[in-house]
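Below, chain A partners chain B and then partners chain C, in two separate complexes.
The block that comes next holds the complex of A and B.
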């Protein structure tokens, strides 16, 4: 496959070899990207986060982080485990991709199969998600993804699928694309953990049939120097349920986008995140939920704890189309700034074209509540510990979005450890 | 137990003196009450004793068993045996009442060089004390004071006091906003802690709490000073005649 030189993009893009439909999908994606151009800091959608290090031809090297002082994330949970090292699937470090209720393949394998179901999905939800706001880095991903998994849930998955992303090479540049399809009534939990690479560009497309349930918990590792841009594109049919939670602690640059189109009635989509940043940390949550069906519910709950000059960004939108009556939309984005050097930039948006809806949104930036701090200290709790308790109190609403208690407890204990390591 | 001498306190933010020389001496096992009109400086006294920010002590001293309270962090004062039941207990969403209690008890034990209580031991003690205060399992599980009624909040303060076993308890308007039954429950909780050694400073606006928690000494505070001290009969005098006469007497 020849490298395609694009003067418009200021960088060379190489389309990896793929089968017939893969090649077509990649070319289409490249055409989309070429029409849009790569993002730059003058773009409205990139006002708060500089995309240059995400669009450059080569990644900024990132030191390898040794996180062996903690047990691996989700270690105690019985999962089907899939491992990528610096963005490359590692069969030896992965379980057999066999499990009741689902079929799992590597993306490259699926692309070699000319009549594969993923053919109609790969890049499709990404394409839908390009309107009304362009997401060039997702198109770049569809054009150039070198690896990923395709998962087809036909029933209730026997166990969660755990995708581990290990980072072992200081200059690795991972482009991963996962395609997940849930048949009517199917249920699947996907857990993801790890930094993946010095730079990660990840897309996950999730297509849910009627009454399908998708549950997602992601933690982005503890590496300080890594950069990541991730996109989730989900399409929800009637009475389907989508739940996603992401924990981001550390990371010099993260942009997590979640784009959901609710197309079937009585469905719900809950997206949540907790971010903890100390020092050179920039974290951006960008969410776009489109209600295009009746009686659906969506929630966005994002909390950030920032210290020593860390930056948090939230851009969240609820778009309610004219026929999406009885929509229940909720959006909250809050930052707790532990000092005056840190900052939170938020752009919450509601755009509503139906008349019978209940939507609310709120965004706040605050410091530790001195009255509460004094209350705890007056009971004998030391200042640092009292502050940590109040940070956990602040994050509780986001953690509460995780339905599974075992997963919520695991996340909670990671938060507590982070706070102990980053005490003032 | 508690020795306050000529305590003078101003606000840090503005140049305003609130306490204008308070003297108070509470012996071991004694119960003292402070009464006085709104704004006289009762809460300020309790806050300065427990170390709240925003106040500047310009003169005087406050000692607990000979230790200079004013020199300590709030948590050190607590570990030294001081407890303040807040007039307005604070809500802390997302932190379970039980977690809070255990953190507090173990923090103090640690500060005093004692072993932490195991989860099992702790649970046993908490259940027993909560029962006496009619605090059910649900209230123990819920986030600290969130969604609690006024009475529940005050009972929760007394539960904390019972768990922390302080030497010197300061209760700031623990009776405010309580109906008669709730007040009795709270008073019983306090009386259960009277053991001849533990001392109490009960701040109240009304005499009625003192029917249930019998004080040894009653002080009247007005305009940043203690203007009169006496026996329990002083509280009755206030109840019958109000503060006006007393204020005139000392003006």
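The block that comes next holds the complex of A and C.
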């Protein structure tokens, strides 16, 4: 479906300066974007989420959220920290980019080197991910990303890489692009946290070699006014494992897309998310998993708790290519509507061209279980607390997707504290 | 059974399979055509053709104006391309929009006057146009069951049976062309109110050029004394069939309606774009069952019917009920979404579907459940079976509006794949805009269970027979929802449609 031609948009796109290959990659991305145009609400893929505020020339200003009443996320975990302030790398607030098992550079530094491993990856997985569904905002990102990191894991990373995104300017517009490559057998955990900017457009490309393990946990904080569109493009080789979990609480508009291409046999990809929405909140999880190899497994587990007119969207797809036999695909999307004003819109899709597969998807929407609430109340639990308990138990399946216990505990305790704040 | 053993077993039946595939051309039982003198409107589509169809049916002015407005609208629309079906561009000017047997020029007053050739056609199809009690091929149950039939041949209705007996009960059952003349007040009041003229490309086209179809009105409090049915037969070449069905079930009334369709085997694809509108008032109930068995094209995808159908039921009154049951085995391309508008409080909609696609067939079918009233309930059970190189898609919408408090939907859609060259897809849209409603959706895709096949084979069943049995088991939920007359036919159809698909 052709989107609005770019020429119709009153915005000129300027490509940031980059080295030889960077400039070429950006030009190619701009050509892709020009060919498809920016999305508008008439596009089927944007049926439930209006992209206008994500595509406008300037972002809607977002008030700075004061989150100082709680400890920074992942503070207790020993990590290599990288900090971006309003989408710009801040060396002072970051650790030295040195760690056993990985090499880390700023995107701009990598682009200045004519010979660099990232040359063959930057924009490549994004390009692959443009078919069969177009993702113009990702192409826009590849064309205009101003900053980012490139991470090459050659072995087992000594500790997780934590990327913190701070928001200090009410009108900031961040375009970040990370490229991550894992060699055969390498293992890396990437943690992300923070609002980043008034508007964030982020792309993360992850290329996994054979038996490589990639673990990703992301939190999009409590700030109310920000907008974000994020894309993860991952390519999985034989026996590699990909796990990603995102926790979102508030944000006027969030669209998280995850596009995974399983190209090697016996690989697995798990994508999960939990979202708490209150009031003026629109949260969209869009997932597209392509099975193009034998005996692979994929899971999508997404849960949303919505109240005071919040909107949750889930668009998930499992595509099983011919010959991707023995595929095990699972997808669940569930919403708990805490009041009558909130809504959940879902499009869980299956497209299957191989016969020896087991694929299933489920989607449910409903209110909190009155019997369960009554049970807790009759045992002396206060109403708000009882509701929180039921919300936590509803979200448990998604949180259970986080393999690392320390990280899972961190997410769980943060969630509990957020719920308490909402109740009071 | 190991993979290797299975391969050998499959090699073992290859001979038979080849034979089965060869004989598949003969498997479509209704592929013959009736050699009868026809009268055609000139090829192509224009306001003149619209006027001609209207005049052939001797229609009043308002009907012609309605058609012309639809045609004007259609010219401004573009063909939808969102369905997962792929077919060559249709040249709407390269076909006939009106074809009727010459002998129907003067409408026969009774069935006795109908051309024997036509009567013979329906006899061969197993459709009784004599006012006999039963559809052929069904064993007589203890209690005699009657079925009234409206037979549509290309663009005209050949005749309607049991009209007098139905009239005694107050039920009007006739062709829509007759209804336009004899019951204009009813037709004008309801036509186009469920599927508006500009609803979609094919419905708009139908509004402009529909030539005939059936009309049913069941007055308040009447339980229709027998099942009603329409049998659609496309016979003429290069001719599109555009029928329009309008069913009105007044307060506390009940009717069960059956629809069947077949077409001759031809190399050139033919178009069928129908519209079915059902209006259901307070406490009324309508059951609408379809066995769609249009010619599916040959194993290379040559010929067949392009079936673009808009069917919708509007539960206008409180506690109104509608049940769609469909067995889709024919057509080269199917594009069909029988829907329920649950407007009245406590109204109910049900959709049971079996869609079988074999060889090069493509089916994109499903339903829409639009919950507007309070305490409305809907249930969707869809079974899709793909074999050969076919593509089968379930596409559906469940929408809970903010005012549809305490509503409920349950959706189950399962797909079965037979062979590794076919595809099965599920595209559900779920929109929930209040929190007192519950919506559940489940879907699975799997292949025919080897253990079940092995069990049947071990007990001496042929491979195809075993597959048919397993598939029948898979479809059980839907087959049980069919009226008895259709259940028998549907079970046999499941076996026929899958012939040649194993191996």
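Note that the second predicted complex is superposed on the first by the 414 of 424 C-alpha atoms of A that agree within 3 Å, B and C clash if a C-alpha of one lies under 4 Å from a C-alpha of the other, contacts with A are read in each partner's own complex, and residues count from 1 in each chain.
Rule of thumb we're sticking to: a residue touches a chain if its C-beta (ideal position, glycine included) is under 8 Å from a C-beta of that chain, and two chains touch if they have at least 3 such contacts.
Computed from a predicted model, the values in this text were never measured in an experiment.
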Partner chain(s) touched by A:393 [first = chain B, second = chain C, both, neither]: first
Touching partner for A:372 - first (chain B), second (chain C), both, neither: first
Touching partner for A:168 - first (chain B), second (chain C), both, neither: neither
First, second, both or neither for A:131, with chain B first and chain C second: neither
First, second, both or neither for A:385, with chain B first and chain C second: first
On chain A, the residue positions that both chain B and chain C contact, one per complex: none
Residue ranges of chain B touching chain A (in the complex, touch as defined): 50-53, 73-75, 77-79, 83-84, 86, 89-90, 92-95, 100, 103-105, 107-108, 111, 143, 160, 164
Residue ranges of chain A in contact with chain B within the complex: 370-372, 374-383, 385-386, 389-390, 392-397, 399-400
Partner chain A, residues of chain C touching it in the complex: 82, 84, 400, 402, 405, 415, 417-447
Sites on chain A touched by chain C in the complex: 44, 322-323, 325, 335, 337-340, 342-367
